[in-house]
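In structure tokens below, several structures.
You will see two complexes here that share chain A, one where it goes with chain B and one where it goes with chain C.
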Partner chain A sequence: MDITRDARDRLLPASIPYRFFGLAVICHVGAWGLLACYGDGLPGFIGGPGPILAALHMITLGVGASTACGAAIQLLPVASRVSLRGVGATVGIFLLLVPGLLILFHGMGAAQDLAMEIGAALVIAALGLFAWKIMDLMYRVKDMPVPPDYVWISSFALIGLLSLAGLLVADGKFGFLPRRQDIAAAHGLLAVYGFMGMLAMGFSGILLPMFTLGHPPNAVWNRRAAGLALAGLLLSVAGLLADQRTVFLIGWVLGMVAVMVHLALMRQMMKTAMRKRLGPSFLLVRLSWVMLPLSLALGLAAATGFALDRSAPLFGFILVFGWMLSFLLGVLQRILPFLASMHSGLSGGRPLMPSAFTHEKAAMTHARCHFTALFLVSCGFFFEQGGLVRLGALAGLLGALALLWFALHVWWQSHKALRAAKLVNIS
Partner chain B sequence: MTRQPLIASLLHEEHVQTISALQRLEEFLMGQGGKRPPELKRPENREVVGGITAGIAAEVQRHFGFEETYLFPLLAEQGQMGMVGMLAGEHQVILPLASGLARRAEAAINAGAFTETDWAAFHGDGLDLCEREIFHIQKEEMGLLGAIAAFVDNESDERLSALYSQMVAATAE
Partner chain C sequence: MTDKICFDLRPLLARGIDPLEEVLAWAETAGANLTLDAPFNPRPLRRVLAKKGFSSEAIKLDAGHWRVRLWQEDPVRLYDEAGDEDCQGLPPLEVPVTRSGGMLHLDLRGLPPPRPLLAIMRLCMALDEALTVLAIFDRDPLYLFPELAEIGWQADAISSEPGKVVLKIFKSGPG
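On to the complex of A and B.
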């Protein structure tokens, strides 16, 4: 272990994680904005290019992958006490990711194959580089406060999903895949349950006990949950790729057991939480805990063909917007002021507390709008009413703008604190 | 997986006690508001204003003193200078804040009441202390306790635990 570096050294320059978080907040606005304009097509959506596919990837890649990049490159070195090698590569990840996403979203939205191919290539390069940096770091970790299994599984899932993404894009041009829908479903499972899901479950064992001051999850059961989740993921994906429904169903059962163990660990942590006033961010985290098993239940319904027209698109929505987005935004609302406070102490003078960077009204507005959006869009799916979906998306857009306001507040307060510290240092 | 040394468990237990006291103080301050001073003739108010602030100040002084005297030098030797510097820097802000609050609480109790101006200042500083100390504990729980597990060997753990227990016993007498 490199012990010549320490926690302060491992705190990257604020601009590195914040550029990824900023990208996530902007993509969040874009996704709800697209759905507010084109959400009529969401009920019954089962894939294919268009604004819905672009909006979906604005959440999974724009919000999800960007947040994962920002959080992992900053928090993993702190949690593992191992420094990230070649910090400059994070700039490369960002410089590949931004144009890649813009071109990919345009290609998906306008159904332009060339743009999709170029965008996908850039995004695959960016996330491949990210996976390599994280695996290089994890390879050097000797011990961690939570099992490192989740991060390894997440990294391998990322490589798997990028490979399938490449196949899907190539298939769009050459049309060689026999069962494209199943490959796309496996790609989705690896992306949301695999890459993002495992990272979320792993970070839950580090970040949530810190924010709540509760007991970290039991290490033995946490490892068991990771093992079950890995087995569930592998079997589900293998079942889809090999068209073996029984294998898929066994994977689903293991996945559900893993989720139940994880939720029991989270419940135990919340029972021991010393911090009781947790604010709107934890409303979102709690919501995500409800949405995670619900997404699995809907996934089973879709996989078995039960009310397929409704269950399949609703599964995708609840999984991506209900579980993943709720969790990420809840955590983001805590990380942004937390990191800003850490950095405010580095420039000299008395460090500002997270509350100085937290715009409570914006956070609460965002949470309320997010809940409203999920409810209305889900109703829109259920009753197959495109108008309801668009109304819900409008609420989501309002919430996304509130979150943007929250992020700008963090940035502005950080800017003021830095300027004040410079004045003190000069005088 | 990281083992949990005894000294880390002892520090964690004190964090739990301090947070419990801080949350009681925070709830009282938020419920009371900054404009209307509390009625200090009521024993429950005196207990929070005087007893809890004095308790927090004493705990903070002992806890920080132990860390700075025995623990931080050991971690600094292991290359953890940045984390040690950051936490020690926060001690320099929190300790005077906690001691100042305890002194002002004692003065107000002796005088029988807070003036409106004194209460407004006490209220603001009290909430500031609660947030700073809880944030500080969050960082110690995430960073310091993990660093202890990684860098403090069994022999040092036994020595530090004995020293810490002696300090706790001495302040309890």
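On to the complex of A and C.
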């Protein structure tokens, strides 16, 4: 396989996206591990420092933001035909992110303000640099029909959520925010529905048709979904920040309409998919499509005060672990072998099949454990049984270890393929 | 099957004439086979066409020269199976496929990602015989190589220049 220099410029060295994906896989183990130890407190959790907050951020920042960084810096230049300027900055992002996350998780888990402040400052710097690199790239994109709207909204949501994160950390020290709970909720909405949600919806228009060989989403309706999602996000966040319940609810309903349009587009794509055996990764993606509207329905229930004790914490769990984590892990299961295959052909030989890098048993074990974990933890919430939550978290931990095994398998097979290609080139 | 129509808007715009009505009339006639040349990226026009069910992609070819390709979202069979016996039995694609010299030829330039990849994969998965496909892309289709490998096909670059990459795509031999 010979590729042009221009294409080589757009394809980063494999080590760059893989280090972010590796970080995500390790944080995934850490989050379920923490919940397996301290999950009793999850059903009544309404915020505040402790192991639950640390576990939550291990998923949102450790898995979510790391995967977003790895995927965006590798996939956007290829999809947009524009090279990422200053590839060294991606190393800087990683070097700020890793210590930042470690210190932040420690600070949150042990309720140490100073550690939380230092960790948050490093993470904000890392993700701020990431937002700047992505916006710089998008500014130079001449024309890319589907994802730009989503990527721009995601980038602005990232800046918004980082600003609110800074405010929340400062408030922990000085206590100046009048409605901290609402600011924290707006921060969460911008993080999961805004930053991660928009990126997920945008990449779904390119990656998922590629993996399923189905028709890409209708460009006009995809853009309408992006517009609705933007309006929904802005109104919901503004409603929370300005304490305007009606504005918040209008935004929420618009968000639900956007999600329905997105899911209809995804359904259409799946109906036309030529590849029928999609493996465990698409079990997770399909699960995420069920969890996304469910999270919105639970959020609406919590916002209107319906069974608040159960609906509010269950909303947070279904949103973060049910939708976001299921989607990201499904994509990771597919993208890790795919990138390995792409890089295996760069040295001039025929690329190895993505399935040659896939450990099917590990992938299936991970998917089964993830389903079990979601079911048991949700039951734990519903019946307010901490023991069930911990049992579910144990299943999640087992699944996370299976995913770690899967990732190590990809790494080992890539290593072997590269070594073999070098030997062929020498001889 | 309608012929491909390339409509140069630059002379009209240079004379200060709004080409909107003419473009709409051409779009009705030519369907998805319309390509426009313009001195700038005609975003307002593209928005009007989008409301009529056309998606579009604009590529800057040179200073003051943009090319806009239009296509309709519901994939339309752009080649006529009945009129082209050689290409019977191929799946519906968004670009014409011709056969000459024992090879299938298709030009995928101007299609936005991931449509070129999908077109090649649909074609290769539908081919029973070991035909060779000669495809023109406007850039190296990096994501295509792993997907081809997965179904036992591979690609070799025939030529590569800015905006035009020609690949020979064929079934892999054993080993």
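The rule we apply is simple: the second predicted complex is superposed on the first by the 418 of 427 C-alpha atoms of A that agree within 3 Å, B and C clash if a C-alpha of one lies under 4 Å from a C-alpha of the other, contacts with A are read in each partner's own complex, and residues count from 1 in each chain.
Everything that follows uses one rule, which is that a residue touches a chain if its C-beta (ideal position, glycine included) is under 8 Å from a C-beta of that chain, and two chains touch if they have at least 3 such contacts.
No experiment lies behind these values; they were computed from the predicted model shown.
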Touching partner for A:M274 - first (chain B), second (chain C), both, neither: both
First (chain B), second (chain C), both or neither touched by A:N218: second
Contacts of A:A79 with chain B and chain C, given as first, second, both or neither: both
Which superposed partner A:L352 touches (first chain B, second chain C, both, neither): second
Overlapping contact positions on chain A, where the chain C interface meets the chain B interface: 1, 3-4, 6-7, 78-79, 81, 142-145, 206, 209-210, 213, 219, 274, 341, 345, 350-351, 353-355
Partner chain C, residues of chain A touching it in the complex: 1-4, 6-7, 10-11, 78-79, 81, 142-146, 206, 209-210, 213, 215-216, 218-220, 223, 274, 338, 341-342, 345, 350-355
Of all residues in chain B, those that touch chain A in their complex: 1-2, 15-16, 19-20, 23, 78-86, 89-90, 93, 128, 131-132, 134-135, 137-138, 141-143, 146-147, 149-151
Chain A-touching residues of chain C, taken from the complex the two chains share: 41, 50-51, 53, 55-60, 73, 75, 112-115, 117-118, 121-122, 125, 139-140, 142-143, 145-147, 149-150, 154-157, 160, 162, 165, 172
Footprint of chain B on chain A - complex, ascending: 1, 3-9, 78-79, 81, 142-145, 147, 206, 209-211, 213, 219, 274-276, 341, 345, 350-351, 353-355
